[in-house]
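Paired with subunit B in one complex and with subunit C in the other, subunit A is shared by the two complexes that follow.
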Partner chain A sequence: MTGKPGGGRGWLAWLLIAPAVLGLVLFVLGPTIAVAVMSLTDWQLGAAEAAFVGLDNYAALPGDRVFRIALANTLVYGAIVTPVSVLLGLGLALLVEGAPAGRTFFRSAFFLPVVSTTVAMAVVWEFLLHPSMGPANLLLGTLGIAPQNFLGHAGTVLPTLAAIGIWENAGFNMVLFLAGLKSIPRELYQAAAVDGADRPWERFWTVTFPLLGPTLLFVVVIALLRSFKVFETVAAITQGGPRRASEVLLYTIYQEGFGFFRIGHASALTMVFLAGLLVLALVQIRLLDRRVHYR
Partner chain B sequence: MTTLDIVGIEKSFGATPVLRDVSLALGHGEFLAIVGPSGCGKSTLLRIVAGLEAADRGSVRLDGQPVDALPPKGRDVAMVFQSYALYPHMTVAQNIALPLVMRDLDRRQRLPGWRLVSAATRAARRRIAGTVAEAADMLQLSALLDRRPGQLSGGQRQRVALARALVRRPRIFLLDEPLSNLDATLRTQTRNEIAQLQRRLGVTTVYVTHDQVEAMTMATRIAVMFEGRVHQVGTPEEVYRSPASLAVAEFVGTPRITVLDARLAPGGVMLGGRLWPAAFAAPPGGGAIGPADIRVGVRPEGFVLGDPAGPGMLAARVSHVEYLGSEGLAHLLLDAAPRGAVARIDAGLAGRLRPGETVGVRPDPAGLLLFGPDGRRLDARVGQPSSAMAEAS
Partner chain C sequence: MSRGWAAAALRLAVLGLAAAIFLLPFVWMVSFSIKPADEIFTGRLDLLPSSFEGFLNYARALELRPLHRYLLNGVVVCAAILFFQILFAAPCAYALAKLRFRGRELVFGLVLFALLVPIQVTAIPIFLVFSTAGLLDSYFALVAPFTASAFAIFLFRQFYRTIPDDLIHAARIDGCSELSIVWRIIVPLTLPAATAFAIFSVVAHWNDLFWPLIVIRSPELNTPPLGVMAFRSGEAGDRYGELMAGAVIITAPLVAAFLLAQRKFIEGISLGAVKG
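Coming up: the complex of A and B.
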């Protein structure tokens, strides 16, 4: 009767997905290919010509001190921000969900950092943590602790930026967890209560946590991706300093490309960064498909 | 073996009253079915008994002891939820075992690896596994123990939910429409299994359903609820033969009872233009009803069909006939029955009757059920109508 699915109407299918394909090619695929090509050259921004250098840009990366520092800092930053902001997000979600009143208020309050402009918030944080007149140090002063230059000291700058990152991301994770909590059928808690699991902790381990499994994995991967993309706070507050103690990958790429005009080098960095994100995304898809879907 | 007393339960959600003065009493090992139309408060009542919902007033007692202050766990009741409420991340075995794990193991013993350290935990886990295997065997789930609920059919999930309720040997079973999602064959089969199991275990059971056939076939007694009120509690036969209200009469019995319009008259009831002598146990409405409009219910088997000109016959037109093999149902239109009448007839007649045909129909006086204007049953004995046509006035 009818031909194979879409057989005679292939052109219609293509027409319908054309806008999406066009967007994908223009804004994702195209630039990625361009960057990949540029990473194989020694092109300088503004230069009239460029030479093909093969994989030289990549070969130079392991020996590049700034790259190694940036990679290490980014990983450390992610290793702090991800677990803390995920656990904090989960805790906040459980508290907000169980709040007897004011749920909307708390939800909005904790989500505020997510929707506010990071650069503007960075200025606020800079003031809050100012070594002499910041409220944070005034508070420490009342406790008899000497003022700290949180953002100006190589030993504290990365943890401090991480703390700001946690503040920024916890609300985002909370909202994801809230959605996950909403999807847990209420009758499961009632069944658990009848079956004898009615203390908060027992409810959590019997129902909430296992059923939040898919959400949790999703949140962890998203949080990792988001934390690896840290840029605004670094650019606005520390510019990677002091002494490269807050140098992170995206900031290095930005500096190399648009500060020092070494587009070839910056492109190679970008490709490495992209590859890392891609691997994460693949891991997520594999894991999501397998373990946490109770089918 | 436990008795359950539900005493004067009232419950409102906001301004809407959902349960109004509900009282029920169950003896040791009794199987009580609660029936009623959707939204009449059956699930709410069950959840109050389980302790999942607090009543506004009234009390739930187990063996005479009020349990209103106890959480579900302290009441030792087992419940099968309308939606099964199985834990999707656990295997069938783990689902069934959970009530035992929660009851028999302490917090430390429940830790994942604890059985490697403690011989007592190993022994307790073995005991639980044995009980689970027994319950699974009883409900033919042994082959499915390692599956997750998502890999089971509706009927299998149903049985897992039942097994989870059964393993603990609770004081009370609360079953909330446990068969509502099954197909007809599986429903009949599981219906019998549950009834047999309940008799064997002797656990006092409240069984909620809106399927009155289920209630009639399984329960020792039936409670019929409407809009938060219990209209009647009785054996299936009592509820069918002497319903307490018109609502009960219309809800219980398939096909539905036929309702005829009638009026009170001196000495009896005017129905279809004839006077049916009636002796009332108490003067209806304390004499306040007067010549009011009342209604008369007739079960399908309470009609006799015959020649329209025959003695005591009411003229009726055949609307359609259902031929059921061993018998038949005649759907009739007559003046006294605004919503039509249904009469059970023998198969031979069902084969002969044609739609549009006029027949005579006579209700058997012994089967007449009289209901006052408020829908309550009037206790009366009705005799044969006067053979002479009385003038309607």
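Coming up: the complex of A and C.
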């Protein structure tokens, strides 16, 4: 212990970490434990008393229609947004990387949706997709296609929200891929060219893709995490409708917890959400470990 | 040679088309924000209004809702959050990176755990406590839960580990106290990491809807996203020209900042990827 830098300065170290540790205990660790405990009760805000009900809240989840719909919708949303936004991000990164001109412009154009306030852009999208006045439908009209109520129909609302999610996230993924592409040594492309791989797609499959593999997995996990947290567009445009067709997990937690104040039930939902985050985080840590081993 | 030229042209054409699609919502947003109401309802696709009435929609949007107030709230909240995040995280990160003390592993474990847990998980208990204590519907409620940032601690710790111990040793031999080491050596070296973190933090909290939606009831405390929600659901909801003008006003500050410092923004935001 002693002899190392800062040895014997324990009191100073604790002085330095005290505010942050206090904050983390009060606002992260404590509340997380509280949610876990509350998920074992039948507490409803305003009820006279609450009882310990063990795992009843969890046992009730599989039979809970709203929860099943929300979970399924969240998974479908993620299953659309993740692969499309990752592949689009990769495609855009490859195109931008090799662009003969205007690289900064294109990179900024694709990244712009990432920095734009999601709620504001959600309202813009809602108007653009308006069944009678929205320019999207007017554009379809000029092609002879009848106007669609994209966000108002149970069958199209989730794919439409997913399309907005893709628009929001593709640029983010592109930037991560651009960083990955930059770390590929130029000489490898020259070596591949000497070996006869001189067509663009040959270079891609022999050099770029194998070396980009770890980045690709990393981006997929991050995209899954981000899509798992979808909330803004749903809260701003559809409120889970029509007929719960766009009900997603975070929106259900929000409504049950802060709309109906069913604290016990909402806490159990929150624990399911946390479990999902944990699984994805564990995958991410394993990937990061593996990436270190490559080097 | 001509084949290379054709490939370059094709690449630019594809990129141009993709960029046009990505930018179209922005173009339409701005276009409709300067159109008079009757031109919006006739449903024509022209980008420019045939009779330009100036920025009337913007003036009316500001009349309908105090959007400038929402922006100011956003600035106050983001600045307060960032100030406390750095104030708390930097010393903690320094201690974790450079000092040996009992319980260090435990504290770092707490940081790693906190890194995993977003506000959506901790919202219910924090809300209940704030509600009991009468702290809801205030700047305090908007700021407090985010003041201890595990991500900031993690990031700064990584950064401090790259500072050679010898530098700190030399300063100690020269008679510097631990606090003046922090102030004279560490703080200046923190700036690049702090800049990247600042961009990440401001973008995240400027755009956050979940927590403000839970704790704020008074319209005068609306953050920018809450302001958009209020605008949409109120009487202005189907006055699309004003609505688009409002959306431009709310998105403009971050977009302008991004266009001025693109590289820094992309660095800062992609840093957050580790956090998911």
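Here, the second predicted complex is superposed on the first by the 255 of 295 C-alpha atoms of A that agree within 3 Å, B and C clash if a C-alpha of one lies under 4 Å from a C-alpha of the other, contacts with A are read in each partner's own complex, and residues count from 1 in each chain.
Operating definition for what follows: a contact is a pair of C-beta atoms (placed from the backbone, for glycine too) under 8 Å apart; a residue touches a chain by one contact, two chains touch by 3 or more.
These figures come from a predicted structure and were not determined experimentally.
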Partner chain in contact with A:187 - subunit B first, subunit C second, else both or neither: first
Partner chain in contact with A:210 - subunit B first, subunit C second, else both or neither: first
Which of subunit B and subunit C A:99 touches, first, second, both or neither: second
Partner, of subunit C and subunit B, that touches more residues belonging to subunit A: C
Contacts of A:242 with subunit B and subunit C, given as first, second, both or neither: neither
First, second, both or neither for A:195, with subunit B first and subunit C second: first
Which of subunit B and subunit C A:284 touches, first, second, both or neither: second
Of subunit C, residues touching subunit A in the complex: 7-8, 11-12, 14-15, 18-19, 22-23, 25-26, 28-29, 32, 40-41, 43-45, 87-89, 91-92, 94-96, 98-104, 107, 110-111, 113-114, 116-118, 120-128, 144-148, 150, 153, 165, 168-169, 178, 203, 206-207, 209-210, 213-214, 224-225, 228-229, 231-232, 240, 243-244, 246-247, 250-251, 254-255, 258-259, 262, 265-266, 269-270, 273, 276
List of subunit A residues in touch with subunit B within their complex: 185, 187-188, 190-198, 202, 206-207, 210-211, 213, 294-295
Residue numbers on subunit B that touch subunit A, as the complex places them: 47, 50-52, 71-73, 77-79, 81, 83, 85-90, 98-99, 102-103, 148-151, 164
Contacting residues of subunit A [partner subunit C, same complex]: 1, 4-7, 9-10, 12-14, 16-17, 19-32, 34-35, 38, 45, 92, 95-96, 98-102, 104-121, 123-128, 130, 132-133, 135, 138-139, 142, 167, 170-172, 175-176, 179, 200, 218, 221-222, 225-226, 229, 231-232, 235-236, 250, 253-254, 257-258, 263, 266-267, 270, 273-274, 277-278, 280-281, 284
